[in-house]
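Below, chain A partners chain B and then partners chain C, in two separate complexes.
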Partner chain A sequence: MNEKSYRRYLNALIAGDQRQCQEIFEAWFAANPDLCHLYDGLVQRSLYEVGVLWERNQISVATEHLATAISEGLMNLIYPRLFKLPRVGKSAVVACSANEYHQIGGKMVADIFEANGWRGYFLGASTSPQELLGLIQGKCPDVVALSVAVHANLDAVLSLAETVRGAFADLPILVGGQAFLLGGRERAEQIAGVHYLASLAELEAWVIRHAG
Partner chain B sequence: MQADAAEAALAYVMETAPVLALTLDAQLHVVAVNEMARSVLPEGTEGSLLAELVVDFSNSMDFTWLTAQRGSSHRLTIKTASGLPETYHFRFFPLAGGTLALGGMDFQEQALMHSEVLGLNRELNNLARSLHQANAELLELNQLKNQFLGMAAHDLRNPLGIIMIYDGFVLDGAGDTLSAEHRCYLEKIQTAARRMQQIIDDFLDVSMIESGNLRLELVPASVVEIVGDILPICQLAAEKKKVALLVDATNDRRRLPVDAPKLQQVLLNLVRNAVEYSLAGQRVWLSSQWDDRSLVFAVRDEGPGIAQEEQGRLFAAFGRANTRKTAKERSVGLGLAIAQKIVKAHGGRLWVESTPGAGAAFFAALPSKKLDEMLEGKCQ
Partner chain C sequence: MKPETPGQPTLMEELKASTLACHARLQEAPFFQALAAGQLPIESYVGQLRALSVIHGALEHEIEGSPDETVASVWDSGMRKLPALQKDLRYFEPRAVADIKESVEEALQIAGDIRLRSLRQPLALLGYVYVLEGSMLGARVLRPQMARAFQLEGNDGLSYLNHYGADVDAHWSQYRQRMDALQLGPDGREQVVHAACRFFTQVKFVFDALYPFKPESKAYLAVSINPEAGRHPVPADMREIQASLRAADSCWQRFPYFESRYGERGQRFAKSDGAWLATLCQFDQPRMDQQVRWLGRVLAARGMPTLLLQAHLEILADELTAAVPEKKPLYEKLQIAAVALREWRGQQIDDGYLQILDDEFHRAVGPSWNGRNEHAGLLLAAAVADEMNGNVGAIDGVKQWMTDASRFHAEWIAAAEDTITKAQAYAFLRAGQGGQGLEMPQMPVIPAGMTGFFGASSLG
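And now, the complex of A and B:
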């Protein structure tokens, strides 16, 4: 898929044209059925751009919310295929910190695990430590991934990582998300067993490396 | 300049501002409305009374008093063109010969609703994801269950076969050396083992069907051939219960591509069920009939019948009716589930018609055209 189709998608997303977005989304995935490529090149890129437009007052907050809702709705279209892929017998629990309502990044992370044969359990937006610890206890995952989009929530996500570390000493923890674009990687990696991953592609490489 | 500014402000209110503006006459009729009010309020608002626009469940609002209040804001819910009432904060200002009503949106309520909608949308998307995930996990578990069932049933079959063979040797070869009591014990072992073999066969069938491994071997066969092979077994079962088995399916020689052994399994199951739910002296009918499109087998009985609410779950695995079999025969409730899968695999339909107290009738319809096409490999 080319730049022109990406631009058409972005324009449709800003215009709230769900149908056109779906056409491009499906064509993109049909041309290259690689989830990481789809999320990275279309969904994440367009939402980052929508975020910038909103910050510059070029679109309203309602338009930004609609764009997120459309993107999340499109991701649902992948699920009937995604969850039927062969399993490798590993699982991940993915969560956002408390008060982090931008959940789409976390959901993409959980889906990347699924696309590579892992089970990716996603807890949704604004996860309390109790909920997260409860799910880890119940699912006994091989890794926990914490996603944070808003820089102001960085402290909360690092505190969540410390809570997990306190309760499960050997469980690897991955962190990432848009918030780290403004720093925080060093602080995160000071916590034992915490790895920062800068992109979905890095995440996918990690997932493949640890599948065996 | 001040007059110009006031005029510009009024023009803004009337044309662009997100505020409802209504001018009212002395009797509180709506005289004129701004652009926003025109888009929000029901058509033909001009001329109606303010009271007719406001949702007043208690019918106790004093609009004359309300519009006379200056400087304070009143929360009013108004009727809208969409039919969905909306809440606005109104203030009333005196005009020559009337009142100007300005309604601002309840932004707190809007923000609350906005946040609620976003939250619900997030939740809905997460539920959709969880549902797909849970469904995939259930399918995996079901597959494991089928594998386990198939393996366990297969492994149980051999030792059971040995038990039955040696029990049979002793019964046949012991002659008079066995006491009546010991012969009775061995016969009970034989009966229980046969029953167990039936259950194991059902488990194997379910495991095979649910794994998607049910393969039909379609060969043209007539009703005479299909029914003829199972008739002695059906009659034996009926005689044991002193039930009269009436068969009207032995003269039909028209051929239809079917998997005869599997179809016989279906008919045998239906007849056995009918017999097991019948009392001595009652009748069971096995018949067949062609219509334009199908060959329809029917098995009817004069047993207790099946309540309407139980008919739906009869064909589910382990889904038995509450009705007791007349001789307390036991079953795990797989027979009808298997029968339905076999009939469906033939492209047909299995169903029941029954009135409690007036017996039951089971029908298996096999579509002739579709089966011809399946034989020719045109459809699966």
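And now, the complex of A and C:
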């Protein structure tokens, strides 16, 4: 799909035109049924741009929230299709740290797992350590993925990673999210068994590598 | 007014019938039983005021900015209750009552819903208004109970519950007439009624969180300072919070522009932003600088050049150090961040030239006008430096307000435009890019005593 199509999507997103967004979203997925490509090239890119527009006072906070709501709604359309895919017998628990209310990144991560045949258990925004440990105990996942969007929450997500490491010594932990654009990778990878993944494409590559 | 279709209930009749059950469920909340029994904790009442502040803050902001004429035809400024809630919260401020996290979270969810609906279904705003206006009828019962429970007298801590005083029935009657006069189709009615029902259910969640609450639910949150601040962190130490509030007030007084332009709402944001800045001291310097620069970009695009943030950081560091001297080394990071902002701006326009432009502006508009917005020239020139540093929208953020003909006379506007032009020319010259898409104006005469701030070398 081309730049012109992306721009049309972005304009519709800012205008709150859910129907137009859905048409373009569906067209992208029909042209290339690669979830990573769709999320990375359309959903994530447009939301980053919406964030910049808010920062520059070119759109209101309400418009930003509406864009997020539309994006999440579109992602939900994909969800049923993911369950039809063959399973590989592996699972991941995906969470955001406490006080991290930007959950769309975590939702994308969980969907990437699902799209590659894993079960992706997503706990939603603002997960407490107790909730996370409880779910890991119950589901015995093959990996835990922690998403963080706001840089101020970086310490919280690293602390969450340490808590998981303390309770489950051998469980691989993946971290990522927009917050790391301002640094923090080295601190994350100082925790044993923690891997930083810079993009959805890197995540997908990791998921495929560890599917067997 | 009766509806056009015979037999059809009026909008208010439909609202009452549709919300009857959820209204009854709300009234059964343990909060109200504890209040009637005189056993409601102070945290629950203050928590109610804070939750309602979050809701009213979002609702009143969206309604007053809504282009929808139907919404505007029902609303009048006398229905604003956020000021009364703020007044009550100021009354309780000395008691430093903690928030109840879960009730704040429920209120923030409602505020988010209100913002979304204002764009998607603006008529839904009238459903929220219905519930809140109706609650003023019930406030007649709650007010004496609250007064007894917390030994409150007069309007102290009770302004919200006494918003309409003895005129509550008259206000309700006028409001009902305006609502029933609306000519809404089935979809419009559905939006209003659905929003009212949903809001009643959401408010029940708020009151369920307010009482009973767990001891670990108590915390001090950003919305305690500013109901529109959202979820960002604030210090856990009350001394730091108080110091942050003092710093915001001092900065506000130093720059009258804040008050002129942003009023009470802006002051609340200055306070909550200041409290957030105080939390940055936990980070190392590079991380603090990143966060400060990010806030600088956000504020600059909204008409507050980074020069103001720099001043805020300096004052905040002093206030925090005075309040908690043992943490002085941590607070020094704020001073370092302020210096970084200053040096960053100085790469475009140094302080000496900013002062020259401010003085010129002062002379151009005369002392009586300058007194109303002291440092206007300084802010305009600083906005240019911010824009040249890549802060998109920094100039427009200030210029649009400073050149508004409904607010300022022609000489003021001319001086503002002249200041921007000169500042741009100066920055271009310093960058060695003179003439790139900009016609160079004649450089101003440098007053005696100012040449030390920028010499010929910096102009070359």
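The definition used in the following text is that the second predicted complex is superposed on the first by the 212 of 212 C-alpha atoms of A that agree within 3 Å, B and C clash if a C-alpha of one lies under 4 Å from a C-alpha of the other, contacts with A are read in each partner's own complex, and residues count from 1 in each chain.
Everything below uses one rule, namely that a contact is a pair of C-beta atoms (placed from the backbone, for glycine too) under 8 Å apart; a residue touches a chain by one contact, two chains touch by 3 or more.
Since the structure is predicted, the reported quantities are computational estimates derived from the model, not experimental observations.
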Practice task
Once the two structures are overlaid on chain A, check if chain B and chain C clash or fit side by side.
Solution key: clash
Exercise for the section: Considering only touches as defined above, state whether A:Phe83 meets chain B (first), chain C (second), both or neither. Expected result: first
Exercise for the section: Please indicate which partner A:Arg119 is in contact with in the superposed arrangement: first for chain B, second for chain C, both, or neither. Expected result: first
Exercise for the section: Have a look at where A:Leu171 lands relative to chain B and chain C in the superposition and call it first, second, both or neither. Expected result: neither
Practice task
Using the touch criterion from the header, give the chain among chain B and chain C with more contacted residues in chain A.
Solution key: B
Handout entry: Partner chain(s) touched by A:Ala98 [first = chain B, second = chain C, both, neither]
Key = neither
Exercise for the section: Give one of first, second, both or neither to describe whether A:His65 is in contact with chain B, with chain C, with both, or with none. Expected result: both
Handout entry: Touching partner for A:Ile191 - first (chain B), second (chain C), both, neither
Key = neither
Exercise for the section: Could you say whether A:Ala201 touches chain B, chain C, both of them, or neither, answering first, second, both or neither? Expected result: neither
Problem - Clash with chain B (superposed arrangement) - responsible stretch of chain C out of 77-85, 311-319 or 365-373 - result: 77-85
Handout entry: chain C-contacting residues of chain A that also contact chain B
Key = 62, 65, 69, 101
Practice task
Within their complex, state which residues of chain A touch chain B.
Solution key: 62, 65, 69, 72-73, 75-76, 79-80, 82-84, 87, 101, 103, 107, 110, 114, 119, 121-122, 124-125
Fill in the blank from the handout: Within their complex, chain B touches chain A through residues 114, 118, 121-123, 125-126, 128-130, 132-133, 135-137, 139-140
Handout entry: Sites on chain C touched by chain A in the complex
Key = 62, 112, 115-116, 118-120, 231-233, 279, 282, 286-287, 290-291, 294, 297-298, 301-302, 392-393, 397
Fill in the blank from the handout: Interface with chain C, chain A side, in the complex: residues 16, 55-58, 61-63, 65-66, 69, 99, 101, 151-152, 155, 182-183
